[in-house]
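Structures follow.
One chain, chain A, appears in both complexes that follow, with chain B as partner in the first and chain C in the second.
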Partner chain A sequence: MKLTTREGGLEASPRVVIAPPRARPRRLFRSRTAIGFVFTAPLLFLFAAFVVYPMAIGLYYASDPDSYRAIFSDPVFRTTAANTFWYVVVAVNVKLVLAVLLSGVLDYPYWSIRVLAALFLIPWAVPALPGILSFRWMLNSQWGIFNHLLTKFGFASVPWLAQHDTALGAVMVFHIWKYLPFWTIIFLAGRRAIPGELYEAAAIDGGSAVQNFFHVTFPLLRNLYLICTLLSMVFTLGDFTVPWLMTGGAPGDSTHVLATLAYRYTFTMGRLEWGLATFTVALPITLLFIGLLMRWVKI
Partner chain B sequence: MTMRAHRREGWVKVGLGVLAVVILAWTLFPVYYMVLLSLTPTNDLFQPGLYVEHPTLKSYTYTMGQDNPFVRYFWRQLSTSLVVSLWTMVGVAAVAALGSFALARMNFRFRRYVSALTLFTYVIPSSFLAIPFFKMMADYDLIDTRLSLVLAMVTFATPYALWVLSDYARSLPPEIEEAGAIDGAGAAATFFYLYLPLIIPPLIAIGTYAFLYAWNEYLYALLLLTGEERIPLPVAMSNFLTTDNAPWNLLMAVSTVYAIPPVVLYYCFKRYLVSGLVSGAVSGT
Partner chain C sequence: MEQTRRDFLKTTAAGAGAAGLIGLPSTTRAQGSKLTVWWNKGYYPEEDAAMQKIVKEFEAKHKAEVELSFTAQEDLLKKITAALIARRVPDVAFCFYNDWQVVPKYAWDDRLADVSDVIEELRPRYDDKMLVVAHVMNNKMKKRAYYGVPIEAQTMHIHYWRDLLKEAGLEDAPDKIPMKWDDYWNYWKKAQDALRKKDAAKYGKLFGIGMTESTRASDTLYNFDMALLSFNGEILDKDGKIIADQPRNRDAIVKTLKWFGELFTSGYVPPDATNWTDGDNNAGFHSHTLVMTPNPSQSIPAAQFFNKDDPQKNNYFNNMATIEWPDGPDGKKARYLTAVKTIIVPKDSRNQKLAKDFIKFVVEKDRFAEYIKAANGRWFPAFKDVASDPFWRTGHKGPKGEKDNHVPVATTIFLERDNRVFEHYKHPALSQVYDENVWGKAMARIVVDKWPADKAADEGIERIKAIFAQHK
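Right after this comes the complex of A and B.
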């Protein structure tokens, strides 16, 4: 048996005679490649059967140029592309900037801040669906609490989910509400990995809090920040649950994003190849982001 | 401490206090509102307010007793969610334990490609694969079986689990393999008797992660399971939305029940649910 550590050193000491080869099948397991393959076989099977193969099917069905001609001439597709762009760019960036700033707040060593940090995690722990349902009822134009309060203070009520801008805004706000805690903890952990001596040195130089942030904290968080931005953008690009349950594309199919439009093409209209073409359009940018991520992140 | 520094700290505390109130209101209000609605009697549902005037547990008793057409299959839907999540947990734990042993403790030829494939599966949005996955399951006649959903969930929950486990496994001392070699144990024996007992703590954590992943999943559950008796809880809840006269207090009661297990588990295991990403991202820089 030749198990090695990740440093690559042979760990079995040469004095020890290990499992003398008896029959042929034993031989197979003496090869490191074979052992590695056996232990990763379930993994490789899953990824081959349920990631690589579906992807190949998807590309096969999406290879007909007519589908692209059809979806590009569909005005709903164009609105959807714009919606997805704004959703990914605005929601992700607002969320991550807030997360970096809030991680600074939650880093204060008071006990009350620790309680706040614990409570702050609730949206992350509550599954998306109950949260969305709560938002939907709050935004209901007739019986929602927001319009109730608006009219109480003499403002006109707003049909939040019945017009494009506010409906898409609601999707973004929910996204930020739900995922801000997660990224805030990530940045909090990143901040805590920064050696304290750097801040001590900055304090000797008489740096203010703002200077500390720009000269110490942010330069050291920058790589983490970039990775988080890419990761969050890729995840959000494929988001189905939040837009689907918040607006379902309404009003009048104006608030679809890629995933919900693909669902509509495939299951409501029975156009599988259009649904798959919708994703394929976004594939180049997705693969670019994934490629960058895979260069920076090691597993 | 000088006067000025004192005063500065005072202002910082006031600022933090104000911020804390804003953050708490933003964070808790939607959850508070969900619970509030679940306690609202149907007659008061259309008179919005910031508190309940006549709180009642009726929505919960209706739900538990399946005493309303909307919650007719509540227990069956809950058990579907539970069964799928438990099998996902078992599947992910098994696949990730085996895989992490190879990835973290061995140096074999295709190691780099295996990690690349794992990372790719982690970052590709699962919705991109949902439609072909549905098509494939339809071809195999596996639509409406829990197996199809479990397979999807195991596939997409494994990469992160593998990540966390491998990270932990790398921190273990090299004596494991040495001890195995001295006893003349093969790779399988080393895995079962020496490696597995050592990774039980992170295994429990990633099992929880997998459970929650499947419990929270919506898209694949919506595609792969149909029919009121077979769908899991979240899909049943979203079906409320297709009618105009949905009983929202009942829906919020179901929501609250559905949200309790994840909230409890997240708070127990929160350290493990983010650590992998951070260490991965930080070590990658």
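Right after this comes the complex of A and C.
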């Protein structure tokens, strides 16, 4: 027997007709949700234990207005806020501009460039501690290589880590040296995703290398650049390792950033609530960066 | 019986939950008769070995289990701080920073156990001058009591290289070093000038004075307070009230800061001294790039005593010496500050009796003498009976019968000089003044920011007032 539907199509055999769902959608939903919860429970538990709970406790401790009065009245905090601003603005921008430019160099298909790229990755791959300690030795005013070279060529030696500007500059330079390779590789991947036809078309139109960069490469890297900038700002705002190991806030507590100052308040001075208040001051800016980032990548 | 998917999920969830509960990380919270002891890692293996021996003896005698862990001082301070804040504590904690960074502030917050009963028992043995450091205020109970058990002390000494002075053509014997204020400091400047003149290539980067002037180093506050005493300045009165702003004291603070500023800018102190940590003057001294350095413990000679590259201990006995802080600018003999290292029992410890028994066991005369001598004179005992051991007067004997130029100097300072403990016992806010290194900051204002000394002094005094105002 030929089975047809009212519309004239083939009708399925009664044996293969899928029975209409039982009229218990809410229960089914509940059941599936429950199963989902069971499977995600470990992750939810970890998230609650290591993200939600610490943040809630942190905000609770940081909610005392006296803590804000105390840190805002501390002259070191004001210097620190300015340092953090300059650290983020200068280090992030210099690093990313250099990364975009260097990614162009590493994009050349020569074996020597590949070797160079491998060497270039070393600073990012090595642990921060030996790198920073080496850099500190190089900057030592008595026996550091920089001052040795300066004095060899007749210049006066510079107490690099013993004055505010050069000490903060040293922190920025190390940060850039350390993280530049990572962002360069990101931009290199971005460049490699640009279709070659666009460059061929530009070449037919007589575009120079500079014109290619400004009219083809950079417009297509723009979104990536902005995302990288926001990500790097979030990372740099919370950077503790480089400033702490490089200067420890010296000279005269003038080179602290918010992360190191919070650490100083919490562990040197035993003022947990001040440390958390210091982080909370930076929280709106961090959340703004994260919000912009999420909007940009449409999460 | 066949297991359904639902059964499987139920079993899995229940199992995971149980495993999670059982597997919760064990805490350091002291429980039962197991005594948790956090001890400062010694500078020398002999110190740790001596403490391990004490623990074994205690376990055998008291039939108790002791969980002993050693941690380096900087990390241990953070560990103790975190434990006290989180109220998950050891039963006994001994850190070299307890005296000024733990006892005053956590006794104030009622986080430490009152150990006055232990102190009363030990009182006849104590050097009274050292005992006061642990007699601090509990702001919750509104009473003063002993919240720590002092055991050993350090004070300020000056170490110098005799071989460098000889090479500079200067007298190198300790009794030949001029002790008048200006002559004393000029002596090291003269040594730097002479050495650089003699061999510019070899000594071009040598400095006469290794004076730490950094906010990163606790040596800075020791240096400042010693110099302030020399200039007859005081920060607090006997009741712990600020008197730093009184004209006489302000004047002394300005003079002290000016002196530090001029010393730094004179070119006789390494430019990196504003960025030094506590170990950097030691490192500079050991590498012969400093002629002298003030150091508030005997760690430098003790390190040379154990120098494996110098089996004859030539550096310790012949090439270097320890001398006293000079007489003040007014010609009076130097007055000294002592930092007294202290054991604490957290209030949240569940084994307070056993903890106190342990402390009393550690400080028994012979046992403690063995422990503290393992540090080779780095610390001086807080107990008179232990300090009466001839070792403290004679020190070590050299392989060729040489005299010890270090340990006996410290003993003279402790026993014969005008010596008092740091005053953070008077008010916990002073502990924060030290934590913030307010005077290190003032030094940086002068040498880095080029502020005049009086402006830097006034900023420091105002900061101290603000810190005290926060402790209601």
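Assume the second predicted complex is superposed on the first by the 259 of 299 C-alpha atoms of A that agree within 3 Å, B and C clash if a C-alpha of one lies under 4 Å from a C-alpha of the other, contacts with A are read in each partner's own complex, and residues count from 1 in each chain.
As a convention for this text, a residue touches a chain if its C-beta (ideal position, glycine included) is under 8 Å from a C-beta of that chain, and two chains touch if they have at least 3 such contacts.
For clarity, every value in this text was computed on a predicted model and none was experimentally measured.
*Asks:* Name the contact category of A:297: first (chain B only), second (chain C only), both, or neither.
*Replies:* first
*Asks:* Quick check on the superposed pair: does A:42 touch chain B, chain C, both, or neither? Answer first, second, both or neither.
*Replies:* Both partners.
*Asks:* For the three-chain arrangement built by superposition, which of chain B and chain C touches the greater number of chain A residues?
*Replies:* Counting residues of chain A touched by each partner, the higher count goes to B.
*Asks:* Considering only the touch criterion stated at the top, classify A:253 as touching first (chain B), second (chain C), both, or neither.
*Replies:* After superposing on A, A:253 lies in contact with chain C but is clear of chain B.
*Asks:* Looking at the overlay, does A:275 come into contact with chain B only (first), chain C only (second), both, or neither?
*Replies:* first
*Asks:* Quick one: classify A:159 as touching chain B (first), chain C (second), both or neither.
*Replies:* The answer is second: A:159 touches chain C but not chain B.
*Asks:* Return first, second, both or neither, reflecting whether A:223 touches chain B, chain C, both chains, or no partner chain.
*Replies:* Touch status of A:223: first partner only.
*Asks:* Answer with first, second, both or neither: which of chain B and chain C does A:85 touch in the superposed model?
*Replies:* Once the two structures are laid over each other on A, A:85 reaches no partner at all.
*Asks:* Between chain B and chain C, whom does A:72 touch in the aligned arrangement: first, second, both, or neither?
*Replies:* Neither partner.
*Asks:* Could you pull out which residues of chain A sit against chain B in one structure and against chain C in the other?
*Replies:* Of chain A, residues 35, 38, 41-42, 142-143, 248, 266, 272 contact chain B in one complex and chain C in the other.
*Asks:* What residues on chain C touch chain A, complex-wise?
*Replies:* Interface residues on the chain C side: 9, 12-13, 16, 20, 77-78, 81-82, 84-85, 101-102, 105-106, 205, 207, 214-216, 270-277, 284, 289, 432, 435-437, 440-441, 443-445, 447-449, 459, 463, 466, 470.
*Asks:* Would you pull the chain B residues touching chain A in the complex into a rising list?
*Replies:* 16, 19-20, 23-24, 26-28, 30-31, 33-34, 37, 45-46, 48-50, 94-95, 98-99, 101-111, 114-121, 123-133, 135-136, 151-152, 154-155, 158-159, 162-163, 166, 170, 174, 177-178, 180-182, 184-187, 190-191, 215-216, 218-219, 234, 237-238, 241, 248, 251-252, 255-256, 258-259, 262-263, 266-267, 270, 274-275, 277-278, 280-285
*Asks:* For the complex, which residues does chain A have touching chain B?
*Replies:* Touching chain B from chain A are residues 1, 3-6, 8-9, 11-13, 16, 18-19, 29, 32-33, 35-44, 46-47, 50-55, 57-58, 61, 102, 105, 108, 110, 112-113, 116, 118-131, 133-138, 142-145, 148, 177, 181-182, 185-186, 189-190, 193, 223-224, 227-228, 231, 234-235, 237-241, 244-245, 248, 259, 262-263, 266, 272, 275-276, 279, 282-283, 286, 289-290, 293-294, 296-299.
*Asks:* Across the complex, what residues on chain A touch chain C?
*Replies:* Contacts found on chain A: 35, 38, 41-42, 45, 66, 70, 73, 75-76, 140-143, 157, 159, 161-164, 167, 247-254, 266-270, 272.
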